[in-house]
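Here chain A shows up in two complexes: once beside chain B, once beside chain C.
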Partner chain A sequence: MRKYFTVFKISFQQEFAYKLNFIMWRVRNVLQIFLIFFLWDAVFSRPDAIVFGYDKAKILTYIFGVMLVRALVFSARSVDVPGEISEGNLTNYILKPMGYFKYWFVRDLSSKALNFAFSIVEFAILFFLLKPPFFWQTSLLFLILFLLSLAIANYLVFVIRFIVSFITFWIPELAWGAQFLFMMIITEFLSGSVFPLDILPIALQKVFYMTPFPYLLFFPLQVYLGKLPLNVIFEGITISIIWSLVLTVFMKIVWAKGLIEYRAEGR
Partner chain B sequence: MSKVLKYIKIWWLMSKNAFISILYTKLTLVVFLLAKIIRFSFFIAFLYFLLKGTNSLAGYNLNQTLFFFLTFTVVDTISQFLFREVYRFRPQIVSGSFDLVLSKPFNALFRSLLGGADVIDLITIPPLIYALVYVGALLQPNFIQVVIYIALLLNGLLISTAFHIAVLAMAILTLEIDHTIMIYRDVISLGRFPVDIYKEPLKGILTYLIPVGLMVTLPAKFLIGMVTIQGALLSFLLCFVFLFASVSLWNSALRYYTSASS
Partner chain C sequence: MDRVVVVDHLVKNFEVNEKGRGLAGTLSSLISPKKRIVQALKEISFSVKKGELVGFIGPNGAGKTTTLKILSGILYPTSGFVQVAGYTPWERKEDFLKQISLIMGQKNQLWWDLPAIETFELNRAIYEIPERIYKRSLDELVTLLDVEDILTVPVRRLSLGQRMRMELIAALLHRPEVIFLDEPTIGLDLVAQKTVRDFINDYNRKNEATILLTSHNMDDVAGLAKRVVVIDEGSIIFDGKLEELIGHFAKEKEIKVFFKDGADYKKLEGIGKVKKVKHPEVIISVPRHEAAAAAGKILENFQVEDLTITEESLDDIIRKVFQGKLGKV
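So, the complex of A and B:
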C-alpha cells in the first residue's frame, strides 16, 4: 500500500513540474465553460423561462457542475498509456513489482485531486464574476447518491480509457487517434459535457441511457439536481455498476490478448 | 511575380509531402476524419434540437444560428488546413532544429506557418462550403451582401493568420507554453455562436481585442443584413492592424531565439 502512496505523491509533484503548462490547461477549461455558460444564459434570457425541464438556476448549476465533475472524472494521467505501449515503454512497467492497473489508478487519482482542487478555485472565481442563480441540493439522500454515482463514473471512465488505449497493441499508429475519437469526441458528447442530453428526443435519450457514457457526467448531475425520481436513480446506478463489471472483464481479456501481441517495438 | 511563383511551388511541395505522410497511414486518416465528422454532426444536432425547443438564440432563428456556426467552422477548418505546421513548431524551438529552417533560402515564417497543410481538413472543406452556401441561400441575401460576405470571410482568414503568427512568436518567447495554440482554438471556439450571446466586457474583448467577432460573427451578420458597410470597412482596417502587429511580434521574437540544444 505504501508504494502506491509514494506513486501518488511523486505523480502529484510531477504535475507541478510544468507549472505554466498546467495553468494554461486550466485556463482552457475555463474558456470552455464560458462558451456553454453564456450560450445557456442567452437561452434563458427570460429569468422565469422553463426550457427542456430546466429553470435558469438548474441549467446554470448544470454548467458549473460540468466544470467540477469533468475535473474529477475526466482528469487522468493514464492518457499516456497508448504512447507507452506504442513506444515499447510498457516493458518498464510490467517488470516492476506493482499492479499495472493499480499504478495508473493511483496516478489518475493524483491528477484528479490536483485538477479538482484547481476547479474549485475556478468555480469560486467564476461564481463571483458571473453571479449565476444556483441550485443547492439540500437532501442528504440525493447528495449521497450523487457521490455514489460519481465514484462509479470515475471507475467507469478508467476502464473505458484503458480499453481504448489497448487498441494500440494492434494498431500502434492509432495511439492518439483512438483517444481523440473515443475519449475526446464520443465520450465528451455522449456524457453530456457539451450539452445536457435531455434536450435530445426521448427515443435517442433512451438509446444513450443503455450505453455507459451518460453515467460519466450527465447522470450524476441529474441526481444532484434532483431531476430523477428515486427508482430511476437506482435503475441508473444498477446499469452503471453492470457496465463497470462487464467492461472490467472485457478490459482484462483485451489486456491479456494485447500482451501476447505486444512486441516492445522501439526498445 | 517570380518570387510569388517560387513560394507557390515551395508550398505545393511541402503540402504534397505532408499529404503523403498522412496518406501513408490510411487508418489514422479515417479515424481523424470520422472524429471530425462526428463532432460536426453532434454540434449540428445540438443546435437543431436546441433551437427547436427555444425557437431563437439571442434573437437569431435556426437558419441564422446554423449560418453563424457554419461560418465559424469554415474559417476554422481552412485555418487548420493551411496552418497545421504551427502545431508542430514548439518542438523545433525546444530542440533547436529551427536552425535548419532559418538556414534555408526562403522565409522562415512562411515555412513555419504553411509548411504542413492538413489533408484531413482539406477533405472536409468542400462539403462544409456546400453546407454554408445551402444555408446561406435560405437567408436570401442580395448580390452585394454575398460579395462583401466573401471579402469579410477572407478578412477573417487574414485575422486568423495574424493569430497564428502571434502564436509562433509566443512559442519562441515562452518555451514553456505548450497550450498557446490550443488556447487560441478555445478562444476562437467562442465564435461558434454569435458574440451577441456574451455579456460585456467579454463581448467587447471578443469583438475588438481578440477579434473573434470580426473573424466569424461579423461576416455572417453582414450577410443577414445586420452590419453596415462602415462596420465592414472598420473590420478590414483592424485586420491590417492585427497583421502588422503580429508580424512585428514575430520579427522581435526571432531576436530572442537562442538555438538552444542544437
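So, the complex of A and C:
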C-alpha cells in the first residue's frame, strides 16, 4: 500500500507544477457556473414559479451541486492514458511491479482531492456573491446514501474512461477523439451536467436509468435533493453497482487483449 | 546452468496496415484496408550467461529493439520459447519485474516537471527497496555519474546528457540482475557518451549484471561488448566474439603499397579496387583468397618500395553491419 501513497504524494506535487494553468482552469469553471446560474435565474424570474418540478431553490441547488459533484467525479489525471498508449509511454508502467489500475486510481484521487478543495472555496465565494436560495439536506440517511452514490459515481467514471481509452490499442490515431466524444459529450450530457434529466419525457428517463450514465452525476444529486423515494434510491444503487461490476470485468478483458496488441511504438 | 537469458526459435510477426500514397491512397485504405504481415523475427535462438555483456547490432529495422522488448516482457511473441532469469517475460510477474530493467535512450520515465530525486523516491516505493539499500545504491550511483548538485533541479531544465544519467539511476536503483539497454548513448555528445559507456562497463563488472545492449554507435559496440549478436532482417547472422567478426565477414583484404616512382595507377585497376591514392601511397582492396596472388602481381609489374597486406578494420565491418551490407552467410 505504501507504494500507492508515494504515488499520491508525487502526483499531488505534479498538479502544482503548472500553477497558473491550474488557476486559469478554475476561473473557467467559475465563469461557467455564472453563465448557467444567470440562465436559470432568468427562467425563474417569478419567485413562485415551478418548472419541471423544480422551484428556484432546488434548481439553484442542482446547479451548485453539479459544480461540486462534477469537480469530484469528472476531474481525473487518467485523461493522459490514451496519449501514453499511442506514444508508447505505457511501456514505463508495465515494466514496473505495480498495479496499473491502482496507480491511476490513486493519481485520479489526488487530482480529485485538489480540484474538490478548490471547488469548495469557489463555492463559498459564489455563494456569498450570489446569495442563492439553497436547499440543505438534513436527513442523515439521505446524506449517507448521497455519499454512497457519489463513491459509486467516481468508480463508474474511472472504469468507463479506461474502457474508452483502451480503444487506442487498436486505433492509435483515435487517442483523443474517442475520449473527447465519449467523455465530454455523451457522458457529461447524459449524466445531467447540462440540465436535470427529469425534464425529459418519462419513457426516455426510464431507458436512461437502465444505463450507467445518470449514476455519474444526476442520480447522486437527486438523492441529495431528496427527490427520490427510498425504494427508487435502492434500485438505482443496485443498478449502478451491477454496472460497476460488469464494466470492471469488461475493462480487464479489454486491457488484457489490448496489451497483446500493444507495440510499444514511438521509435 | 547459469544461463540467464534463453531464447529458442523466437518468432514475432506484426500486422501492418498499408496505406497508399497521398489522399487517394488514404481514401482507398479507408474503404478496403490492406493488411500485410511483417516478420520482425524469424526463429531466432541464443542464450546469455550470467554477467555477460552482449551487443546486438544490425541495420535499422533488423529486429534488435523488438527482441529487447520481448525479453523485457512488453511485447508478446508470436511463437517460440523465452526465459529470462527463470521467468516467462510477458507474464510480468512482480518478482521478474524487480529483477530487470529496460533503458531506452529515447524514452524517459522521469517526471518531467519535478526534480529527478522525486522519481527515485517513487521507484523506491514501487520496487519496495529497503531504506538502507536504497540509500547505498543512490549514493553510489550519484557519485559514479556525478550528479549530486542537480538532483533537485526539475528534469525539464536538465541537458540531455544530464537527463540520461538520471534515467540510468532511476532504472538501476532496484539493482536489476538483467539490464536491457536500447541505444543508451543516442543523441549524447562525445563526453557524455563516454561517461555512460564507462558507467555501464563499471556496473557490469561490479554487480555481475547481465547486460544486453543495442546501439548504432561504433564506440559503444567496440568499447562495451565482448560478444556481439548480428541481426539482419529478423535473423541472427553472427553470434560470437567481437574479434571474430572480421574473420567471419571480411571478404576482402587491403594491400597498402608505397611506390618508388610515379607509377601508372590505372594499371592497378585490373588487380583490385583502388580505395585511396595519396602519392606515393596507394591502398587497394582485393578478395581475401586472392591477396597473395595480387601482391605478387604488383611486385612483378611495379617498382615497389614497401607493401603490406592487412585485414579490413573492425570499424569497416561494423559500419557494414549497420548498413545491412553483409548479406547472408
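Here, the second predicted complex is superposed on the first by the 266 of 267 C-alpha atoms of A that agree within 3 Å, B and C clash if a C-alpha of one lies under 4 Å from a C-alpha of the other, contacts with A are read in each partner's own complex, and residues count from 1 in each chain.
Methods note: a residue touches a chain if its C-beta (ideal position, glycine included) is under 8 Å from a C-beta of that chain, and two chains touch if they have at least 3 such contacts.
The structure presented is a predicted model; accordingly, all values stated were derived computationally and were not measured.
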**Request:** Of the two partners chain B and chain C, indicate the one touching more residues belonging to chain A.
**Result:** B
**Request:** Answer with first, second, both or neither: which of chain B and chain C does A:51 touch in the superposed model?
**Result:** first
**Request:** Using the touch definition from the top, say if A:189 reaches chain B (first), chain C (second), both or neither.
**Result:** first
**Message:** After the superposition on A, what does A:25 contact: first (chain B), second (chain C), both or neither?
**Reply:** first
**Message:** According to the stated criteria, A:170 is in contact with first (chain B), second (chain C), both, or neither; which is it?
**Reply:** neither
**Request:** For A:97, select first, second, both or neither according to whether it touches chain B, chain C, the two together, or no partner.
**Result:** second
**Asked** Is A:38 contacted by the first partner chain B, the second partner chain C, both or neither?
**Response** first
**Prompt:** Where on chain A do the contacts from chain B and from chain C line up?
**Reply:** 18
**Fill in**
Per the touch rule above, chain A residues touching chain C in the complex are 2-3, 5-7, 10, 13-14, 17-18, 88-89, 91-92, 94-98, 259-260, 262-264, 266-267
**Fill in**
Counting only contacts in the complex, chain C reaches chain A at residues 14, 65, 69, 72-76, 92, 94-95, 97-98, 100-102, 104, 106-107, 109, 111, 113-114, 118-119, 121-128, 154, 182
**Asked** Tell me, which parts of chain A touch chain B in their complex?
**Response** 18, 20-21, 24-25, 27-28, 31-32, 34-35, 38-39, 41-43, 45, 51-52, 171, 173-174, 177-178, 180-181, 184-186, 189, 194-195, 199-201
**Message:** Going by the contact rule set out above, which residues of chain B touch chain A in the complex?
**Reply:** 25, 27-28, 31-32, 34-35, 38-39, 42-43, 45-46, 49-50, 53-54, 57-58, 174, 176-180, 182-183, 186-187, 189-190, 192-193, 196-199, 202
